[in-house]
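In what follows, subunit A forms one complex with subunit B and a second complex with subunit C.
Up next, the complex of A and B:
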């Protein structure tokens, strides 16, 4: 059973305090920028926690044995999902109430012919982009995600208690996971269109949903790996051998490359065809001086660092090396997350500064506190899992 | 020590010993071909020759022999090209990606899947070649120091990227295949009698590269396999991504869409696995590999087909949705026309074969049946051909100028060339099945003591 150490507790609480103070200051200073900061920071941690659910589901349907001893880690990470989803729904409701102006298409009159705000292209999207449908869709995603997360957590515990091979919990886990993956395949793309792509309302890209999924996978694997390393350093997870760490490192590397592949595919095809409706998205990010550096820097960071640092076998077996690489990757994707939102909401006056970082640290603190607390609720040691021995004796 | 969970199904059936495996794998090479082999072989060679005739006619008279016109200036040629390239995807995925994932079930099927890859890419390569009109000038596609003045290849063109991507893929896949074959060629070499078949013995001696089975050889073998797997994995992605860019870099509605690269890769894996199943289900019967290519192997592949097919389905729906959502009239029309225009039947065939029919694999009894799998794999092969036809022809046949609107109908030459490549493909595969060890026996032996049925039964007692 994990026990939160005093220093971890102090760290997460002080981060939360920093976050609260920055948020208060941010909202008093420039509420529009503060809402953007809130939505992108929340998106980042929402991605990490929903990916933990996907990870567990994937292990079930793929009959994967290697990850059995670390399965408590994603199970703990997914307990942050209700918080992130709650904040997201709050942002959506606030947008509908016009407390914030993140979603340009919600402006009054934008879809009314004759209004001075009228925009013909946006009005053409009304069947999809309308307040009620938007809210209902958002609610469906989060309710199903949270439900599946809870089910998978319960089934995991049930498997530990029941014991025995080929048990009910094992096959039930596969069924729930398969349903979750089917739902997630659709809802992850739709959520990306709704919550992110619709900010740049005119713009569209068929790849967008998969691009966002690849980012969630990259930061999700990175976070799982960091928690595993942390817990082992603290003396927990004694069965966690170096081969499992190595495999997680491979996943972080692989999905960093997949993310780059998605990023490049979307960017290159739009750049090459140079169609006005589509290039505006990248023009805003490349030509505005406040985003130009961040745009190239985050893409470079997210690709070059994992490629150089995680390519070799030895480096994936060196914990310190992994920790540095993981933190850099998380920072790179955090900057990229900012770029998903800010150019569309703040245009030329967006600025990634202390207020955003402060709020981000607040999220880190809250995330750590929730995950640590969740780790204390069930034993880190797995029992009776049919693949437990495979995982304990994994050798690559 | 390596552990394997008891709940995993055995991958080698029938209580085989090491020697049994050697004998079973060597038998098709050492023995005589049966009646079925000769029937299939004659049919394939006939089709192949028919195709050669049609190709010769095309080269003799020009591309006008095909059904192309000014509006639909790309049709079956590129459809067949993409279809064959797609089929060539599963082999390297099975050998490279599944090797990195340490999936043991790959060992029974990787050899034949890789062979299929190479033979598939060969068929694909024929289409650009004959489309050139003057294939003897094909070397012009390669950038080399020349005397043509400032005339160089267009490096901005995805068609040139294709040349590099596909030739790299073919090279790496062939090397990968060959490296894996060396220990198995040595096995056949060692069994060949010098007196009874001296020529064969000499041939396999040459092919085996002096393999002795020393520890050092094995160490090098493992190392190079892993390096090649690392190289081949990004190639699996790059090849079909670049093929998709042949279309997606353009500004033609229906072609220019950002989801194309990953969606083409998934579609290629989908069609590749279907073709692997078509071939393996026949092969396991014809050359008696029932103990090695089991229903569990088929089930795993069916799960991959279900997964990739459904993702391809979500990509279809995404494209439809985005076309509407974009608000661009041309995009909207392109997709409306695709689904409900004069080629609606091709779209319907694509949707049903690729998305709806594979959903049957949710049912356990269907995904664990050889007959059902064989039938469904044929559906997928057909569906994926239609997918490329739909993308290519329905996007072209409604030009920007309504006065240029037209339809495409293939000539018998178009059809003949396509059938010819199918004949060529099966000719190569059937010859392979009689001369090569069709299962990677050396690798398979490494899992006999952990995944063989005899071992499994012992641990259960």
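Up next, the complex of A and C:
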């Protein structure tokens, strides 16, 4: 059983207090910027927690054994999903009530002919981008995701108690995971279009869903790896051997490269074709001085750092090295998350400053508190899982 | 003629692995092991040095990256590009860095091509698998379901035969040295 140490508790609670104070200040100072800050921070942690569900599902359908020892970690991370989804739905409802103006296409009159707000291109998207359908879609994603997360958590615990394959809990887990992955394949893309891409309403990119998924995968694996290293340092997860850490390091490296591949593919094709309606997206990010540095800097953190630091075998087996690389990757993707939202909502007056960082730290605190609390509810030592021995003796 | 070459045949890779460990702990040198498939942990048990393939991959990748960069620089900018400038979609074509995004795929592909092919060639070269190479395995059953361990013994081989039997060898043959 995990026990939250006093310093972890104090740290997470003080981070939450910092987050709350900076949120209050941010909302009083500039509500529009504060909503953007809220939505991008929430997106970041939503990505981490939904990816933990995907990770568990992936291990099930692949009948993978290597990750059995660490499976409590993604199971704990996925308990943050209801909170992140709740905040996302709150943001969506607030947008529909016009409390915030994140989604430009929700402006009143924008789809009515003759209105001064009328926008012909946006009106053409009415079949998909209309308030009711938007809310219904958002609700469907989060309800199914949360339901699958809960089912997988329950099945995992049951499987540990009874053990075995066949018609036992493990095979039930495979069925649930397979359905979840099929649903997630579509819904992750659609959620990316709805919640992120629709901010830049005129613009669209056909690989945007995969781009977002690759980012979720990169930050998801990074977070799982960091928690594993942290728990082992605290004296838990003693069965966790260096080969599992090595494998997780490979995943972090691989998905950092996949993210770069997606990022570059999107950028290069748009840059080359140079069509006005596509290129505006990158014009805002590259030509506006308040985003220009962040745009290249985040790509550097997300690609150059993992490539150099994580390429060799020895570096992926060195815990300190991994911790540094993981924290850099998380910061890089956090900045990139900001760039997904802010240029579309704030245009030329967006600044990544103390208010955003403060709110981000608040989310970190809340995330840590929820995950730590969830880790205390289940024994970290797995007892009867069918692939337990394989995981304990993993050797790469 | 005191040197003898023994071929110990094993039926199972687990037994082979155990036997290798026992022999190595007694500081007996194992010449070679022939196996129908890669046995996990065997290279470690035999005390082989860590493979340097990863280092060659990095070097070949760097060569490929430089080659790709120079190739596209010659074609689009300096050599052919100067005498026959190509206007593709109005993109700037006078400097390398302005056109860099368009060159990334070429450089990436060259990196992969060089690393992949040169690594394969290195692998063949190191294992002496040139065209027309014949098998070095003394027993064709090692391509089916048997594992073979080759040991050179000087002097009396009785002790060695006994040890091999004890560690699980199913049969022990001796190399026919009369023809040499």
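As a working rule, the second predicted complex is superposed on the first by the 392 of 396 C-alpha atoms of A that agree within 3 Å, B and C clash if a C-alpha of one lies under 4 Å from a C-alpha of the other, contacts with A are read in each partner's own complex, and residues count from 1 in each chain.
Here is the rule we use: contacts are C-beta pairs under 8 Å (C-beta built on N, C-alpha and C of every residue); 3 or more make two chains touch, one makes a residue touch a chain.
From a predicted model like this one, the values you see are computed outputs, not experimental measurements.
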With subunit A superposed, do subunit B and subunit C clash or fit? clash
First, second, both or neither for A:312, with subunit B first and subunit C second: second
Thinking of the overlay built on chain A, is A:390 touched by subunit B (first), by subunit C (second), by both, or by neither? first
Using the touch definition from the top, say if A:124 reaches subunit B (first), subunit C (second), both or neither. first
Contacts for A:25 in the overlay, against subunit B (first) and subunit C (second): which applies, first, second, both or neither? neither
Would you check which partner chain A:282 touches, where first means subunit B only, second means subunit C only, and both and neither mean what they say? neither
Most subunit A residues touched (candidates subunit B, subunit C): B
Quick check for you: in the superposed arrangement, does A:182 touch first (subunit B), second (subunit C), both or neither? first
After lining up the shared chain so the two structures overlap, which partner does A:272 touch, if you call subunit B first and subunit C second: first, second, both or neither? both
After superposition on the shared chain, which partner residues are touched by A:230: those of subunit B (first), subunit C (second), both, or neither? neither
Do any residues of subunit A touch both subunit B and subunit C, and if so, which are they? 268, 272-273, 395
Enumerate the contact residues on subunit A facing subunit C in the complex. 264, 267-268, 271-274, 311-313, 395
The subunit A residues in contact with subunit B across the complex are 61, 63, 65, 120-121, 124-125, 128, 165-166, 170, 182, 185-186, 189, 193, 202, 204-210, 250, 257, 261-262, 265-266, 268-270, 272-273, 275, 277, 386-387, 389-390, 392-393, 395-396
Okay, in this complex, where on subunit B does subunit A touch? 1-8, 100, 102, 234, 237, 241, 245, 248-251, 256-262, 303, 310-311, 314-315, 318-319, 322, 325-328
Complex contacts: residues of subunit C adjacent to subunit A: 40-41, 54, 58, 89-91, 101-102, 104-105
